[in-house]
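See the structures that follow.
Okay, so chain A shows up in both of these, paired with chain B first and chain C after.
And then the complex of A and B:
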C-alpha cells in the first residue's frame, strides 16, 4: 500500500457509499429548513440567527458523518491492515480525514448561497460565513476523528463519542458564530477568524497523532 | 528478497483480558521455514500473530528481525511482512481489482491478470467484493501473497473457507515461497500435506 493508493481507494469508497454522505447533507438541509418553519419565517428573527442556525446544523451533520468514519474499516479488518502496513499511521489517518472533509464540506459550500438567502443572512456577512466554514470546519473533523477512533470498537459508541468530543466543539461554534455576528454589526471580526484558524491548526498538529494512538488502542 | 533472514522471539509474554496466553515464549524462525501455530480455540494463536505483526503490543519480551530489535518500532519488520488476519481487509464496495490495486498500485495489468487467473477469480475482477462468497473473498485476500514481494508471511487461518483446490494451490505457493527463502507463520487446524513445518503448540 502506498499513501496515494490509499487516498484513491478511500475516495472511491466514499463515492460508492454515497448514501452516508447524502444523509449528512440532507440532515444539514432539514435542520436549516425547520427553523423558519418551526420558529418564525420573519427576517427580524432569521437575519440575526442565520449564522448560528447554519453552524448548529453543520455541527450536527458533521457529527453524523464522523461517527461511523472508522466503523467499516474496523469491521472488515482494514484498520488492522493500516496498522501493520509499515506506513505512517498518523499520515494515513490525516488522508482519511482530508477525503471526508472534502466530500462533505464542498457540497455544503455549494448549497450555502441558497440556504443563507433563505435565512435572510445579510449580504455582507455571507463571505464571513464562508470563511468561518473554511477555517473552522477542519477542526471539527480533526477533533471528531479522535472520538470516532476511540469508540469504534464499542457497540454503542455514538453517545460516548458525543460526550467526548462535544466540549471541544463548543469553542469552535462560539468563535464562528461570534465572527458572523460581529460582521453583521459592522465590528472587526478578523480576530475571531484567527482564533478559528488557530484551533484548526492546533488540531491539525494533535489530531493525527491522537487518532493514530486511538486506532491502535481500538484494534488491540 | 534477502537471502537469509530470521525472526527471533524471546521471552514473549502476551496477556489478554487478564489471562496469560503465553509467557516466556521463545523461538527462532529462519528463511525457508514454516511454523504452524497450533492450539485449542482461545489459546492465543491469532493473538500471537497479531503481536508479531504489530497490531497488539506484548506485555514483555523481545522480537528481533534480521538481527534488529523491532519490539518497539515494528517498521522494519512491517515493511517486509504481510499479515492476513481473520477479516482480511477487503473493502466490500470496491471491486476485486480495485481492492488489490489498493494494496499494490504498481502491479502491472498482466501481473494482476495472471494472479487472478491462477486463483480462478479472473472473471470476478470487476465484481464488487460484497457480492463474493466467503471462499472467493478469501481468495482475493490471498491474492496479495502472489503479488507481494515480501519475505515474512503471517497468516491467520489462511485455509478457512477455501475449497480443496484452493488449499492445494495455497500449499504449493507457500512451498515455493519458503524454497525461495521466505518464512511463513500460520495458524491452522489443517494437516499440511506437502509442507514440512515446525509446530508450535499453545496451551491455555
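And then the complex of A and C:
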C-alpha cells in the first residue's frame, strides 16, 4: 500500500457507497427546511438568520457524516491494517479526512445558491458564506475525526460523540456566523475569516496526531 | 533535593498509603475556613454602596468559578501527563476530579444567574464569559460521559485524557473574555499582582472562603482517588490487606 493507492481506494469506496454521503446531504436540507416551517417563513426573520441556519444545519450534517467515518473500516478490520501498514498513521488519517471533506463539501457548495435563495440570504453576503464554508469546514472535519475515532468501538456512539465534540464546534460557528452578520451590516469581516482559518490550521496540526492516537487505542 | 518522593506518587500503592491520612484533615480544615469565610462574608462584611446586600453572593460565586477553572486546568495537565508519560495515577485523577469540577461550574453558573437578576435585571445573557463557562460545564459532562460509556478501560482513560487536553483551549477564552470583549460581566475580583479595589473587610472573607473551598475540593479529590485506586487495583495483595485488614 502506498499513500496514493490508499487515497484512490478511499475515494472509490466513498463514491461506491454513495448512500452515506447522500444521507448527510439530505439531512442538511431537512434541517434547513425545518427553520422556515418551525419559526417563521417571512423574509424579515429569515434574511438576517439565514447564515446562522445554514451553519447550524451544516454542523449537524457534518457530525452525522463524520460519526461513521471509521465504523466500516473498524468492523471489517481494515483500520487495523492501517495501523500495521508501516505508513505514517497521521498522514493516512489526514488523507481519509481530505477525501470525506471533498466529497461532502463540493455538493454542499453546489446546493448553496439554491438554499440561500430559499432563505432570502442577501446577495451581497453569499460569497462571504461560501468563504466561511471553505475556511471553516476543514476544522469541523478535523476535530470531528478525533471524536469519531474515540467512539468507533461503540455500537451506539453517535450521541456520545455529539456530546463530546459539539463544544469544540461552538467557536467555529460563532466566528462563521459573525462574519456573515458583519458582511450584512457592511462591517469588515476579514478578521473573522482569519480566525476561522487559524482554527482550521491549528486543527490541521493537532488533529491527525490526536486521531492517530485514538485509532490506535480503539483497535488494540 | 531528591525527587524520589515525587516519583513514588505515580504508583497507586504509594499514593494511597501516603495520602490515606490526609483527606480528612484537609476536608475538615477546608470546611472550617469555608464556613468562617461564608459566615463572615454573608453576615458581617459591610454592604456595597451600589449593589447593597446582593453583592454578597460573591462569596459563593467567585470561589466556585475559580475552582471550576482550576479543576479543568489540573485535568488538562493530568491528561497531558497521561498521554506523554502514561502515569497510572493520571486517569484516576481525571476520573476523580471531573465530577467535582462539573459541580463547581454549575454552582458558578447558578449563583451567577441569581446574582445577575438583581444587578443586570436578567437571569442570563449570551455574554462571552457566561457562554464560555457554560461550554466548560459541557466539556466536563463530555469527559464524564466518555469515561462512563466506553467499556474498554484503557480506551476510556485515553479518551478522557485527550478531551481534557483539547478542552484546555477554552480556559484562556474564559479568563480573557472580559478583557477582549466588552461584556456585562465585570473584570476579575482578585489578581496576584495588584491590591484588590475592595476594602479589606470585604476581600478578606472572600480570600478565606476561596482557600477553604480549595482545601475542601482537595480533600474530596483525595477521597475519590483513593476509592478509585482500591477499585482498580482490587487484584493486588496490598489492597486485600488494606480492605480486609487482619480478618473480616
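Everything that follows uses one rule, which is that the second predicted complex is superposed on the first by the 220 of 220 C-alpha atoms of A that agree within 3 Å, B and C clash if a C-alpha of one lies under 4 Å from a C-alpha of the other, contacts with A are read in each partner's own complex, and residues count from 1 in each chain.
FYI, contacts are C-beta pairs under 8 Å (C-beta built on N, C-alpha and C of every residue); 3 or more make two chains touch, one makes a residue touch a chain.
A quick note: this is a predicted structure, and the numbers were derived from the prediction, not measured.
Look at A:150: by the touch rule set out above, it reaches chain C but stays clear of chain B.
Contacts of A:185 after superposition on the shared chain: neither chain B nor chain C is touched. By the touch criterion stated above, A:220 is placed in contact with chain B and with chain C alike.
When the shared chain is aligned, chain C comes close enough to touch A:164, but chain B does not.
When the two structures are aligned on the shared chain, A:210 is found in touch with chain C, with no touch to chain B. In the superposition on chain A, A:80 makes contact with chain B only, not with chain C. By the touch criterion defined above, A:17 lies against chain B but remains apart from chain C after alignment on the C-alpha atoms of chain A.
Common to the chain B and chain C interfaces on chain A are residues 220. Interface residues of chain A facing chain B in the complex, by the touch rule stated above, are 1-2, 4-6, 8-9, 12-13, 16-17, 72, 75-78, 80-81, 83-86, 219-220.
By the touch criterion given at the top, residues 83, 131, 135, 138-139, 141-143, 145-146, 149-150, 152, 154-155, 158-159, 162-163, 166-167, 170, 173 of chain C touch chain A in their complex.
Residue ranges of chain B in contact with chain A, taken from their complex: 50, 53-57, 74-75, 78-79, 81, 83, 85-94, 98, 101-106, 128.
Interface residues of chain A facing chain C in the complex, by the touch rule stated above, are 146, 150-151, 153-154, 160, 163-164, 166-168, 170-171, 206, 210, 213-214, 217-218, 220.
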